[in-house]
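Common to both upcoming complexes is chain A, partnered first by chain B, then by chain C.
== the complex of A and B ==
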C-alpha cells in the first residue's frame, strides 16, 4: 500500500458497511454474513499457524467441531443458554484438547504435520459418528437458540434474532478476535513465529524455543477455531459430524489461500468471497465443487498469493517480476 | 467359530487387496514426484463408475455374464488415462512449489472429480447388479467366500509382484528409483523427467481406478466413495511408510484385516481403531514400518 492512510480508510469503509448491512440488505444476505463472521474468527487463528508459522493443518475442522458441539451439548444437555458462557467453554475445551494434540503434532513439520492433524481430526469424526448415544451420530445434535448478553430476545422470531442481535454479537466477537490477533502478530511472539517460519534453524540458534512457540501458536489457533465453531452453530441450528470431516478442513485451507495467506486481512476476505461465491454458484448450478475446484487449481497455479496478492502487486512496481 | 473367523479375515483381506491397489498408486506418485495425491480416492471412485458403465455396455450387447470381469478391468484401466491429462494439464506446473500447494492442487482435483462423477453418472448409487456371485462361492474351512473375492485377491497379489518386478528388475524401474532418489542427478544423466513423471502419474492413477473397478461388484458406487477411501489409503501409507511399496502391501493388510475384525467385535471402534494406530505409528516411527529409506 502507498500510504498508511489508505488502508485505514478502506478498513473504516468496510467497518461502516458491515455495521449497516442488517439495515439495508435483505435478510437472506444478512444471514449469509453470519457464517462469514464465524469463519472469519476460525481463519484468523488458522492463519497464525499457516501464514505466520508455516504449518498447514489438514485437521483444523476438529476444533471447529469442538466449538460447535460444545454449544450444542451445553444448550441441549445442561440447559446453559448464555452465549458468553458457551464461547468461554468452547475456548477452554479447545485449549484442553489442543494441548496434547498440539504437543504431539508440532514435533513434525510439512507433510507429516498435515497428516497427523488430519488423523486427529478423523479420530474425532469417527467418535462423533459412532458413539451415537453421546453425540447423536450422523444426525448430530440440535443447537438451541442462545441468550445474548443475558437476554432471551423472546420477542424476536428466528430470522429477526439472527439478523438483529445475533448479527451484532457475532460482529463484536469478530472485531475483538481481530484486534487480539493483530496484537498477537505484531508482538515479539508474532515476530518469533515468522522467524521460525522463515528459518527454524536460525530461530533455534537465536534462542527461540521453536517447538514451544509452534505449540503455543497451535493452541491459539485451536481456541480461535472453537470460538468460530461455536459462533457457526446457532445459524446452522444443528451440528453434525460433517463439520469435522477432513474435506471441511480442506475448505478452511482453501478459504485462506483464496484470500491470501501472506496478509493479515487476507483470510477474512477469503471467507467472505468463499461464502458469497458458493451461494451465487449454487443458485445457478448445483455443482459448486466443480467450479470451486477449478478456482482452487487456478489459484494454486497462477495466483498463490490469493486475492490480496493480486491487489497488492499493482501498487508495488518495484518488486521484481518472478518467472 | 472358525467359520466366522475365516469369514471376517477373508472379508478383511478382500478389502486389503483393493486398498493395496489404491495405496500403491499413492506410494508410487509420492515416491517419485513427492506429491501426496489426495485425489487418489477420487480416481478410485472414477474407476468404479466407469467399470459399471463398461460392464453394463458389455452385458447390454450380449456379452456373457461370466466374462464380466474383462470389461470391468478394462473400463477401470482405460479411465486411468485421465491421470495423463491431470499430470500434463495441472500438476506439471507445481513441481517446484511448496508441498502445501501441491497438496492443495490435488484437493482441487478431489472437489472437481466429485462433481464430474455426479454430472456424468448422477447422484443415485450405481452397481453392477447381481454379477457378484457369477463365479459362485467357495467353501473354506466351513465358511462360504465368493469366488470373485478370491479372484480379486489373486489379481492384487499378482499386481504387487508385477510392480516389484517392474521397479526392481526393469530399466524403467531403475529410472523410476533413480528419479525418486535424486531428481537432479537423474536429469543430469539424461533421463527425460517430463516423460517419467507423466508415465509414473498415469500408472499410479491406473492402479487407483483399477482398484475402484474391481471393488464395485461387491458394493455400490456412490459419489462420496472417493473422499471416504482416501482416509483409509492414507492410513495404509502412513502405517506402511510413505513411498514404500512393501509398506503399502503390509499397511493394506493391517488396515483391511483390523477393520474387519473391529467391525465384527465392536462396531463402534471400526475406523477409530485405525486412526489411533495411525497416530501411534506417526509418533513412534514417523517414517512408517517400511519407510526408513524413503523421503
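== the complex of A and C ==
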C-alpha cells in the first residue's frame, strides 16, 4: 500500500505551486487557472454522483448555468455585487432546482438517468434562449465585477483584479470545497453511496434506501456545480446559453474521465489538463474537438482509469472474475 | 410466533406460483424450506421478505402486515436476508461492507460530515462480526478478490450485522464446495447464537445441511405445502421422500 507521506508531500507541493502561480507565471496562464478552479469545484460535486454513486449526469451544465446566471442577474439587475452573497444565492438556487429534478431523475439509472438529466439541461437552455427579456437570449447577460470580502478592489484593473484578489478568492473556495467534499466521501454517508454504486440490490437489503441517498448526492453535486458556475462567470464577463448547452455537460464528463473518476483528486487533475490542453491545441490547430475526440477514444479504450489510473498503484491486483 | 403467512396465493397471469400457502415461524426455530425446482420457493421468499405483495393472503411479522413493504422497511422491522447468488460490494473492503451495515442499523447514513474512521465503536462492531465469520484476517481486502466461500460468508455476515430478529438465508451453501459446506453452517449457527438471532429460515437443496441443522422442515410442491414437520417425521414421509428428496439420496 502507498504510504500516506507521499500523497501528502505531492499535495503540499501542488498547493504551494498553485499559491505561487500569480507571482511567477505570466498573467495569461494565471487567468487560465481561473476556469480550472471553477471547474474543479464543479467536478468535485459531479464526481460524488459519478465516481461515488455510479450515476452519470449528462446535464450538469444546467447547474453550472444556474450558478453563472445567478451571478449575472444579481450584479446587473439587483446591484448585489458581493461574491459571498452570489455564491450563497447560487447554491440555494441550485438546491431549489435540483430538489424536484433530482427526485425525478434518481428513479432511473444508467442511460435513462443520463438522458433525463440531459433533457432537463436542454429545457433550461431553451428557456434561456427564448425568454429574451429575462435572460438576454443568445446574447446572454453581463456579469459585473464582484466585490470580494466586502472590497471593490477599485485600484486594480481587470487583469490585475483577476490574477490577484480573484485568483486567491477562487483558490480559497476550491480549497474549502475540496475539504468539505473530502469529509463527505469519508463519512458514513459517503460509504453508503459507494454501496449503492457497487450493488444497489444488496444496499437495499442492508436497509440503505437507494433513491433517498441518490437524491442527496444529486443535491450536493448540483450545489457544487452552481458554486463552480458562479466562480466561472467573472473571468468570462458575460454569461450566455452555451454554458448550459449539452456539449458543455459533455466537457464535464470528459474532464472526469480524463483525470480518473475512481480517485478523489482525479477530477481536479482532469480539469487542469483539459483547460491547458484545450488552450494549447486551439492555438495550433483550429479543430480542437477532433483532437479531444481522439483523446477520449484513447482514454476509454486504453486508460479507463484516466490519468490518475496511470499513476496510482492498486493496493490489490485486479483478478479476473471467476465463475 | 414471529412470522406468519396465511393462505398466500401468487399468480403470474394464468400461472399459479403459490397456491394457498400457510406457515408459521416461531421463536428460536431453525426452519428449512425445501422443494423441487418450480415448487414456488423463490416466490415464497420474495413474499415472506416483503419484496412482492401477494395476490391473495397475508404475511405478518411480529403482528404487522409486511406484504410488499420492500427491503428497507423490512430491515427496520428486524428481518434480514441473504441471497442465493452471492451479493457483495466488489470495490468495498470486508470491513467497509460490515461498517455500511452498522451505519444502516444505527440510522447514521445521512451524517454527511461525520468521520467514519473516527467512530471507534462502529469499527469495533464491524471487526467483531468479521471475526465471528472468520473474515478478520481479510478485513482490508476488497470483496471482489475474496474466494467464493468467503464472498458467501460476507453476504451473510453483513445481513447478520443488522442484528435482525429473524434472517432468511437463500441457499446459504450454494456455490460452496461440498467439503466446506458444514464449516460454513457451523460458522452461521455459532454467529446466530452470539448475535442473539431469534429464528432462521433457510431455503436449501443440500439434504445433508437441511437434516443436519433444522428444527423443522417445510416441503413445498407445486405451490402448496406438502409437509410441515420435524426432520424425523419428514424422513418417514413417503410422499416427501418421493417428490422432494428422492429415494436414492437418503
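By our rule, the second predicted complex is superposed on the first by the 311 of 323 C-alpha atoms of A that agree within 3 Å, B and C clash if a C-alpha of one lies under 4 Å from a C-alpha of the other, contacts with A are read in each partner's own complex, and residues count from 1 in each chain.
The working rule: a contact is a pair of C-beta atoms (placed from the backbone, for glycine too) under 8 Å apart; a residue touches a chain by one contact, two chains touch by 3 or more.
This one's a predicted model, so the numbers in the text were calculated from it and none came from an experiment.
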Combined model on chain A where chain B meets chain C, clash or fit: fit
First, second, both or neither for A:247, with chain B first and chain C second: first
Chain C, chain A and chain B - angle at the middle CA centre, rounded to the nearest 10 degrees: 80
Partner chain in contact with A:90 - chain B first, chain C second, else both or neither: neither
First, second, both or neither for A:126, with chain B first and chain C second: first
Partner chain(s) touched by A:183 [first = chain B, second = chain C, both, neither]: second
First (chain B), second (chain C), both or neither touched by A:72: neither
Which of chain B and chain C A:204 touches, first, second, both or neither: second
Partner chain(s) touched by A:106 [first = chain B, second = chain C, both, neither]: neither
CA minimum distance (chain B, chain C), superposed complexes, angstrom: 15
Contact residues of chain A, present in both the chain B and the chain C interface: none
Residue ranges of chain A in contact with chain C within the complex: 180, 183-184, 186-192, 194-195, 197-199, 201-209, 213, 216, 220, 316, 318-319, 321-322
Touching residues on chain B, where the partner in the complex is chain A: 36, 38, 90, 93-94, 97, 99-101, 103-105, 107-116, 118-119, 227, 231, 234-235, 238, 242, 267-272, 275-276, 278-279, 282-283, 286
Chain A - residues contacting chain B, complex: 56, 58, 104, 107-108, 110-112, 114-116, 118-120, 122-123, 126-127, 130-131, 245-247, 250, 253-254, 257, 287-290, 292-294, 296-297, 300-301, 304
Chain A-touching residues of chain C, taken from the complex the two chains share: 70-72, 75-76, 80-83, 87-92, 96-97, 99-101, 103-105, 108-117, 119, 122, 141-142, 144-145, 148, 155, 158-159, 162
